[in-house]
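In the two complexes below, chain A is the common chain; its partner is chain B in one and chain C in the other.
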Partner chain A sequence: MDLVLVLVIQVLFAMASLALISVGLAVIFGMMRVINLAHGEFLMLGGYSAIFATQHGINLWISMLVVAPVVVGAIGVLVERTLIRFLYGRMIDTMLATWGLSLFLIGLITGIFGNTTVGISAPLGGMAIGNYRTSIYSLVVIAITVVLLVAMYLVLRYTRLGLFARGTMQNPDMAAALGLSPPRVYAVTFGIGAALSGLAGALIAPISGVFPTIGIAYIAKAFITVIGGGAAILSGTVTASALFGAIQEVGTYFTTPVFGVVITLAAAIVLIRLLPQGITGRFLKRWL
Partner chain B sequence: MNGRRWNGGGWNIAGLVLVGVIGLGATIGLPMWLELASLLDITVYLILAILALSLALVWGYGGILCFGQSAFFGLGAYAYAIAMFNIGESTIPFILSIVLPAVFAALLGYFMFYGRISDVYLGVITLTVTLILFNSVNSTAGPEYHIGEARLGGFNGIPSIPPLNWPGFSGSPLDLNDLFYVSIVLLLAVYFGLRWLLVSRFGRVMVAIRENEKRAGFLGYDARLYKLATFTLGGALAGLAGCLFANWGAFVSPTIFGLGQSAQIIIWVIVGGRGTLIGPVVGCIAIQWLTAWLGTAQFTKASLAHVVGPGIADALSSVLGFADLSNTNLVLGAILLAFVLLVPKGVVPTLLDLARAVVNRRRPADDLVSDKAEGTT
Partner chain C sequence: MMLKVRDLHAAYGRIPVLYGVTFSVAEGQFVGVLGHNGMGKTSLLRALMGFLPVAGGTVVLDQADITDWPAYRRSRAGIGYVPQGRDIFPNLSVLDNLRMGCAKVDGNDAPVIDSVLEDFPRLKRLLDRLGGALSGGEQQLLAIARCLCGKPDLLLLDEPTEGIQPSIIDEIIELLERLKQSRRLTVVLVEQNLDFIAALSDRILLIQKGRITREVSPGSLKDPDLVGEFVGVER
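This part shows the complex of A and B:
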C-alpha cells in the first residue's frame, strides 16, 4: 500500500514535471506556430536566475516563483523583438535561428558561470510514508503545476487578454481587422511562454542542479509533449504529459531511468506517426 | 544560347573543371608539402566534408530537413568499430558501415515519408532519434553490454579501433598517408557522383519535388519514393563518413550522436549554401578550421585588450566575467544566427549571384533566362 502510494506520487511527479517543462513551449507553438529550439536554454536561464538570486540573499521561493519568470520573460521579449519577428511564417528558418540562439546561450553561460553544476538543495525536506520516504518538494511541484494549469485555463477562457490570445491564434487577419495588433500579441505571447519556461527551469533546479547544457536533457521531452499533444495548448499539454509521464515511469520501473526516457521518446515517435496532428488533433478538438 | 553568354551551363562546366583541378592538385600536392601531423588535420576535414555532402544532398536538393544526420554518421562509425573487433578484416565492416545506416535511414524514412509527416515534425523526429541513440549508447558502459567481441563502452566510447586494410589483405593496414588518399579520393568520388546524380533523371525529379511536391505528384512522380531514396542515400554517405572518422581517430564515443554534432552539420550546409554541393564542403572545412583555431588560440583578456584596447577589455570582462572567449558554442551559435538572418542563401550561392550579376551586367534582358538556367554547382 505504501509502495503504491509512493509510486503514484512518482508517476504524478513525472507527469507534472513534463507538463511544467512543456507548457512554455506549448504556448509559443500553439499561439505562434514557432518551434523554439532554444526552449531548453530558457529553462536553463530560469534555473540560473533562481540560483543567482538565492545566492544574493533573496528568499528561495521569491527567486523561483518571481525572479526567474520575470528575468526569462524579459529575455523572451528581447529575443522576439530582435530575432523571431523577422522570421514569422518561415518555420524552418525560425527553428534554425533558435537553434543558433540555443548554442549561443550555452556558450555565453559557459563563459560566465563556467562549465560546472551549481545547485541549491531542495527545500522542505522529506516525509515518511510507511517504510518509504518521499520529498515534500515534489508534492509542491505537483501542486504548483496544477495551480498554474488551472490559472492558465481561467485566463484564456474568461479574461480579455485570453480572448485576444485565442482570437489571434484562430485567425490573425481577422483579429487585426478588429483592431488588435498581432505583432504585439505575439511579442507578449513569446514573453509569457519564456516566463513559463523560466519558472519551470527554476522549479526543477533544486532537483537536478543547473549546468549550461542542461537544456539538452529536457528539450526532446518538451518537444514530444507539445507535438504529441497537438494544437490545443492546455488539453494537449495535459494529455500528452499524462501519457508520456506514465510511460516514462513504468519504463523506468522495469528498466533504468535512461531507458525509461528512451522508451518514452520511441513511443512519442510512434504516436506522431499515428496522430500527426497530435492527440488534440484527433480528440478533444474543441478544447483549449 | 548566343555563345557569348556565360549561362548556367558555362558555370557548371567551369565549376566541375575547377573542382577537378583543385582535387587533383590537393591529392598530389598536399602529401608532398605538408608534414604528417598537418596532413592528419586535413584528413579529418575531408572526412567531415563527405558528411557535409550527405546533408547537402538530403536537405539542399531533397528538401528534407534532417536534424539528425549525425545519427547515421554515428551508426556508421559504431558499425565499423563493432564489426572490426568481431571480424578483423575490414572489407565486411566497411560495407556494413555503409549498409547499416542506409537500412536504418530507409526504415526511418519509410516511417516518416509514408506517414506523410510534415517538414517541421520531420525535423523534430530526426532530432529525437538522434537523442534516443545518444542516450542508449551513452548508458552502455558496463561489461555486460557487448556485441560479440566488441564492448560498447558507453560514455567512454570504443578505443583502439583497428584500421582499414586493403580489401582481402588483413595483414596490410592503411597507414595515415593511405587514409589521406582514401579520404580525398572518396570525397571526390562522392562529389562527382552526386553531380552526376543531379543531372540524371532521378536528380531532376528530386529537385522538382523539392520545388513543388504537389505539382511533381500530379505529373505522376511518387514523391514519397523519391524522398525515401534520397534519404537512404544520404544515410549511406553519412555512414561512409562515419567509418572513415572511426579510422581517423581509432576511437568513437557517443558524442558523435549528440546534438552538437548535428548542429555542426547543419551549420556547414547553411554557411556554404543550400542547393549547392561545393558550398557545404567549403563551409565544413572553413567551420572546422575555425573551431580548431578557436580551440588553440586563447582569447584571454590580454589578447582581447590587444584588439579593442585595455579599457574596453577590462569593462567587458568585469561585466561578463569572461575569462575565456574561445568558446565554440558561442561562436557557432552566433554564426548560425547571423547566416539565417543575414545570408540565408549561404556564401557560395551569394557569391555566384554576385559574379553572375557582374558578368551579365551588360545584358539585363538575359537575366530572366539566366535565372531559370541556374544549375547545380
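This part shows the complex of A and C:
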C-alpha cells in the first residue's frame, strides 16, 4: 500500500514536471506558431535567476516564484521586441534565430557563471510513508503545477485579457480590425510564455541543479509534450504530460531511468504517427 | 465622419489591383460601390482598413492622413469593418465574439452589448452558441453587431448579402436603414447585389478593374438597359 502511494506520487510528480517545463513552450507555440528553440535556455535562465537571487539573500520561495518568472519574462519581452517580431510567419527563420539565441545564451551564462553545476538543496526535507520516504518538495511542485494550470485556465476562460488572447490567436487580422494590436498581444504572450518557463526552470533547479547546457536535457521532452498535446494550449499540455509522464515513470520502474525516457520518446513517435495533429487535434477540440 | 481617398494604388506583390481610386464620402452619407467579382471591391476595403499595403495615394479620415496607419489604429480612430466572409471567431461563443467587438471600449462591456442587441433580436437567443455553428445569415448579423460594439463612426461593409437567404437580406436592409438613422453612421458598402445597394445608398459609385469609373444615382439602377450598359450585371 505504501509502495503504491509512493509510486503514485512519483508518477504525479513526473506528470507535473513535464507540464511545468512544457507549458511556456505551449503558450508561445499555440498562440503564435513560433517554434522557440531557446526554450531550454529560458528554463536554464530561470534556474540561474533563482539561485543567484537566493545567494544574494533573497528568500528561496520568493526567488523561485517571483524573481525567476519576472526576470525571464522581461528577457522574453526583450527577445520578442528585438528578434522574434521581425520573423512572424517565417517558421524556418524563427527556428534559426531562436537556435542562435540558445547558443548565445549558453555562451553568455558559461562566461558569467562558469561551466559548472550550481545547486540549491531542495527545501522542506523528506516525509516517511510507511517504510518509504518521499520528498515534501515534490508534493509542493505538484501542488504549484495544479494551481498554475487552474489559474491559467481561469485567466484564459474568464478574463478580458484571456478572451483577447484567444481571439487574436484565432484571427489576428480580425482582432486588429476590432482595435487590438496583435504585435502587443504577441509581445505580452511571449513574455508570459517566457515567465512560465522561468518559473519552471526555478522550480526544478533544486532537484536537478543548474548548469549552462541544462536546457538540452529538457527541450526534447518539452517538444514532444507540446506536439503530442496539439493545438489546445492547456488541455493539450495536461493530457500529453499525463500520458508521457505516466509512461516514463512506469517505464522507469520496470527498467531504468534512461530506458524510461527512451520508451517515452518511442510512445511519442507512435502517438504523433496516429494523431498528427496531437491529442487535442482529435479530441477535446473546443477546449482551451 | 468624412473619408477622402485620393489616387489610391495597391498591389498583391507585383500584381496591381487598385489603379488610382479616388472618391470621398461626406459625414453621414451612405455610399455604395458597385462592381463585378474581381473588380477590386474587397481589395479597396482592405486597403482602407490597412490590411493591403498602399503603393501610392492617400487616405484621409476627417483631418488625419491615415494612409500608413496599422489596422488597429484605424479601428480606434472610428472605422468599423465587416469583411467579406464575415470572419466570425469560430471557436468563440456569440457573446465572446461581441465582447471581442468591445475591445476598444474601456470598462464594462455588458451595457454596450445589451444596447447593440436591441437591434439584433435573432442573436439574443444564440449567445451561448459557438460562432462557427451559426448559419451564414446569422454570422452576417453577428459580424455587423460585433462591429457596432466598437461604436464606429464609419462602417466599411463588404458584400453582406453574399450567400445569404433572401429573407435575411430584407432583414439586413431594414436593419441598416434603422442604424443609419439611429447611430448617424457614415457607410461605405461594396456589393454586386443591385437591389440591395439601390435600396440603401445615397450615392453609387461603379468600380471597374481597380478604378472608380463613374457615379450613378440610386434611381437609375431601376432601368435595366442602363444597368446593362454600366456594369453588365444581369438582373
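By definition in this document, the second predicted complex is superposed on the first by the 288 of 288 C-alpha atoms of A that agree within 3 Å, B and C clash if a C-alpha of one lies under 4 Å from a C-alpha of the other, contacts with A are read in each partner's own complex, and residues count from 1 in each chain.
We adopt the following convention: a residue touches a chain if its C-beta (ideal position, glycine included) is under 8 Å from a C-beta of that chain, and two chains touch if they have at least 3 such contacts.
All values reported here derive from a predicted model rather than from experimental measurement.
Aligning the two structures on chain A places chain B and chain C side by side, free of any clash.
In the superposed model, the angle subtended at the C-alpha centre of chain A by the C-alpha centres of chain B and chain C comes to 90 degrees, rounded to the nearest 10.
Set against each other, chain B and chain C differ in how many residues of chain A they touch, and the higher count belongs to B. In the superposition on chain A, A:117 makes contact with neither chain B nor chain C. Of all C-alpha pairs linking chain B and chain C after the chain A fit, the shortest spans 13 Å. Chain B meets chain A in the complex at residues 65, 111-112, 115-121, 123-125, 127-129, 131-132, 135-136, 138-139, 259, 263, 266, 270, 320-325, 327-338, 340-341, 344.
Residues of chain C touching chain A in their complex: 49-51, 70-72, 75-76, 81, 83, 87, 89-92, 96, 99-101, 103-104, 109, 130, 146-147, 150. Per the touch definition, chain A reaches chain B in the complex via residues 35, 83, 86-87, 91-93, 95-97, 99-108, 110-113, 216, 220, 223-224, 227, 256, 258-259, 261-262, 265-266, 268-269, 272-273, 276.
By the touch criterion given at the top, residues 160, 163-164, 166-167, 170-171, 173-182, 286 of chain A touch chain C in their complex.
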